[in-house]
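Two complexes come next, and they have one chain in common, chain A, joined by chain B in the first and chain C in the second.
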Partner chain A sequence: MIAQVYFWIFAAIAAACALGVMLSRHPINGAMSLIGTMVSLAGIFSLIASPFMATLQVLVYAGAVMMLVVFVIMVLNCAKDHSTPLFDGAGLFGVLPAAALGALLVRVFVGLDKQATVAMNPQAPRGDVDAISKTLFGAGQHTGGWALLFLAVGILLLTAIVGAVLLAKRHLDSPSEPATIEGGH
Partner chain B sequence: MDTIPLIHLQLLSAFLFVAGLATVLLRRNLFFVLMGVELMLNAANLSFLAWSRVQSGASTMEGQVSPLFSIAIAAAEACVGLAMLLAVFRSRESLDTDAYSRMKE
Partner chain C sequence: MIEFDLPFILQCAKFLLAFVPLCFIPILIWGERRGASLIQDRLGPNRANIPLLGGLRLFGLVQNAPDGIKLFTKESFIPKHAHKFWYIVAPMIPLCIAFLTPSVIPWFAPMAVEGAKGIANVSGQILDADAGVLVLFALSGLSVYGVVLGAWASNSKYALMGGMRASAMMISYEVSMGLSVAGIFLIVGSFSLTNIVEWQAAHVWGIVAQPLGFVMFLTSLFAETGRAPFDVAEGDSEIVAGYFLEYSAIRFGLYYMGEYAHIAIASALVSTVFLGGYHMPWLGTEVIRANLGLVGGGLLAAIALLCIWIAYASNRWSNIYAKMNATDAAQRKLEYRVMTGLFSGLAVLLLVAGSALALFVHPQQVSVGGTEIWPLWVNLGTAAIQLGIVVAKTLFICWVFIWVRWTLPRFRYDQVMGLGWKILLNIALVNLLVTAVVAKLVKG
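And now, the complex of A and B:
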């Protein structure tokens, strides 16, 4: 019972903050709402016995990724965005696919087995560091687990870092002013 | 026994995903497009973890491991996406997606 109470509290916060992301005016408000969604999702993760993913959610998402987003919003100081309207007429075409996807997902999930509940008993295997690392690196298995994919993720992150540094540099090859590249101002 | 119905978790995940998709499709600010993508990835993580709790046997932990890669990809996406936003903002001085509708120059 107490788990359901906590779940409804976290779910209400997450849903309200998701609406806040969709409807807020300034990017900082949207980023703060997104952090609220991520933190309450971390609460739900630990509620369904995934403490490792809850920790990672707070550390990586709410900590690193959103810190980067807030940092960039503050660097681009004119992100005030007074001229850009919140929505426009062309956005009406986006309502249809979103509503269709929502209806499809609800249709699928309502058709699920009603008796399938998430077990909260301590005997069920928890997603803690011990169990996840054994699955990840294939301890006691013949397949080797997910180790190759883990290495690939390391290469992906390295590539992303190098790409971000190259993209954020002001001029890549030319020592000249960036105005010559843009041709106008 | 203290249980949370699976359908509640999945419906919350579906709501977050649709909210993220609507943010990507409807908003015109580039920051909100990126944040909508993050919201969709979060919803997918919740769905993974909720499904992994109703599996039995050896496949229980698979759903606990998959969000790890999703989070790594989200971190890489935010890193490159924000760098691209910075680079593209220098050329147009605007955050409106309509300002970037021309591919030339």
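And now, the complex of A and C:
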């Protein structure tokens, strides 16, 4: 009962903030709305007995990733662009996934397919530390072998970081370019 | 549905513990000023007084009252070019977070109480999640948005630079902070702070098990709270005051209070993870419960000793002051007399209460459905003593924060970044690796 009330509160905030991301013309407002969505999603995670997932959602997405986004917005000083258009060419890429997700949701909830009804017990622990660590890092026979994938992703991220540092270094150290404020390249 | 039985009432009452770090704020502000003065060989603010009985100054603690009144009544100015909405909202964020983060810190040991459905376990933390300390990290990571948004909304170059420094530093040091404390998680095998304290009670304190982790965690926390020697985000000599440059009155006060609340919570975390939390050597939870009268009496006697010392010092100062040719000699003499009387009376009261406790209080376990549990008043008394232990340890770490701030000079910005990424992170990684290998060998 109380869980349901909380669910509707979180869902309303998440939806409103998602709309805010789409409709806000100011990059900072958009970023803060996205943080609001993420935190409300974390609340919904903890309602379905996944407190660990909720914590990671706040820690990694709202705390670290969005911090970087806000940092970049501040460094590039997008604050001057008060007239960012709501929709541009890049927005078209979002249409297909959104349509696909919408179709899936309609299929599940309207009940076109009786097999695909959502059956879940919100009390069953699924996202706690123990379950996640056993699934993710378990090296036994009955685990999915996600540990290897996890390591592979780690190496991929490391490669990306090294690449980014290399690119930035070459740009900063090149002596032939005069130091410009706007940096028109 | 919800049953309004004893465990539920206790669970609700625990929410009051969210205010503990807030109570630290005035004590910390006072400690910062008088501590700085102590280190710099001066007196610090000790003039503000309550004009009663010769002007009670209470060691300078009264100074907080005029400061608060000033912050609340000054004009709260909003610069013309500021982004109004975020300018007003931003200072609220750190203080709001300060209410949420203490929810996972265990202030006392779990207690077994009789509920409607048999015996229920009430733990010492408000939020009994298995993600434990990660909740604290996650929420305190959000508090940097207050700094960054305020800096950006001020629309001032110095403030923006301060905000950017704050965000870069926060991202850098969060990594080494998490990795330096991960060794303890590996050894204990749990994120829950109650489990970590119970492990320390059963084995050794975290500072013995992970000395390197302790030093690195404390260093990262200095950076995380934006304290000197890592206060590059404020950097008075370089960027005036950093992120709160454009803030005045109570909006500045909110940042100020948020910073001190953050320090209090960080200190509580250090004392819980590395200094045994509510556990004292030879004073385990069961020992306190079985000898509640003796332990409580001893504690009251210790406080009484402190009061006697203050009364003695007041009396001594009264004599010294009488010999000086001061204009306010009569007033001061009266004040010191009042202090002497007050604290000696308090000491006598505490001693009487302590002896009564030690002599007449002998708790007995009661049987509930075949299980022996302690009665509620024993559990609550133990909880009060353990809360006192945590607060005492936290105050000590707070003093270390103040001590370090007024001892070390500020690092340059690039030095701070170099320390974070090139030194702390690597030591933390090696420490984690060694801990993992040892933990695997020992635990199997």
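In this section, the second predicted complex is superposed on the first by the 121 of 185 C-alpha atoms of A that agree within 3 Å, B and C clash if a C-alpha of one lies under 4 Å from a C-alpha of the other, contacts with A are read in each partner's own complex, and residues count from 1 in each chain.
As a working rule, a contact is a pair of C-beta atoms (placed from the backbone, for glycine too) under 8 Å apart; a residue touches a chain by one contact, two chains touch by 3 or more.
Not measured: the values here are computed from a predicted model.
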Contacts of A:Thr55 with chain B and chain C, given as first, second, both or neither: second
Which of chain B and chain C A:Ile35 touches, first, second, both or neither: second
Which of chain B and chain C A:Gly63 touches, first, second, both or neither: second
Chain B versus chain C as contact partner of A:Leu156, first or second or both or neither: first
Which partner reaches more residues of chain A (counting touched residues only), chain B or chain C: B
Touched partner set for A:Met74, first chain B, second chain C, both or neither: second
First (chain B), second (chain C), both or neither touched by A:Val129: second
Chain B and chain C contact sites that coincide on chain A, given as residue numbers: 1-2, 52, 56, 64, 68, 75, 79
Residue ranges of chain A in contact with chain B within the complex: 1-4, 7, 11, 14-15, 18-19, 21-22, 27, 30-31, 34, 37-38, 41, 44-45, 47-50, 52-53, 56-57, 60-61, 64-66, 68-69, 72-73, 75-76, 78-79, 81, 83-88, 91, 93-95, 97-99, 101-102, 105-106, 109-110, 112, 114, 116-121, 124-125, 127, 131-132, 134-136, 146, 149, 153, 156-157, 159-161, 163-165, 167-168, 170, 178, 182-183
Interfacial residue positions of chain A with respect to chain C in the complex: 1-2, 28, 32, 35, 39, 46, 51-52, 54-56, 58-59, 62-64, 67-68, 70-71, 74-75, 79, 128-130
Interfacial residue positions of chain B with respect to chain A in the complex: 1-12, 14-29, 31-32, 34-36, 38-39, 42, 45-46, 49-50, 52-54, 60-62, 64-65, 67-69, 71-80, 82-87, 89-91, 93-96, 105
Chain C residues touching chain A - in the complex, by the definition given at the top: 1-2, 83, 86, 129-131, 134-135, 137-139, 141-142, 144-145, 148-149, 151-152, 155, 160, 163-164, 167-168, 170-171, 174, 190-191
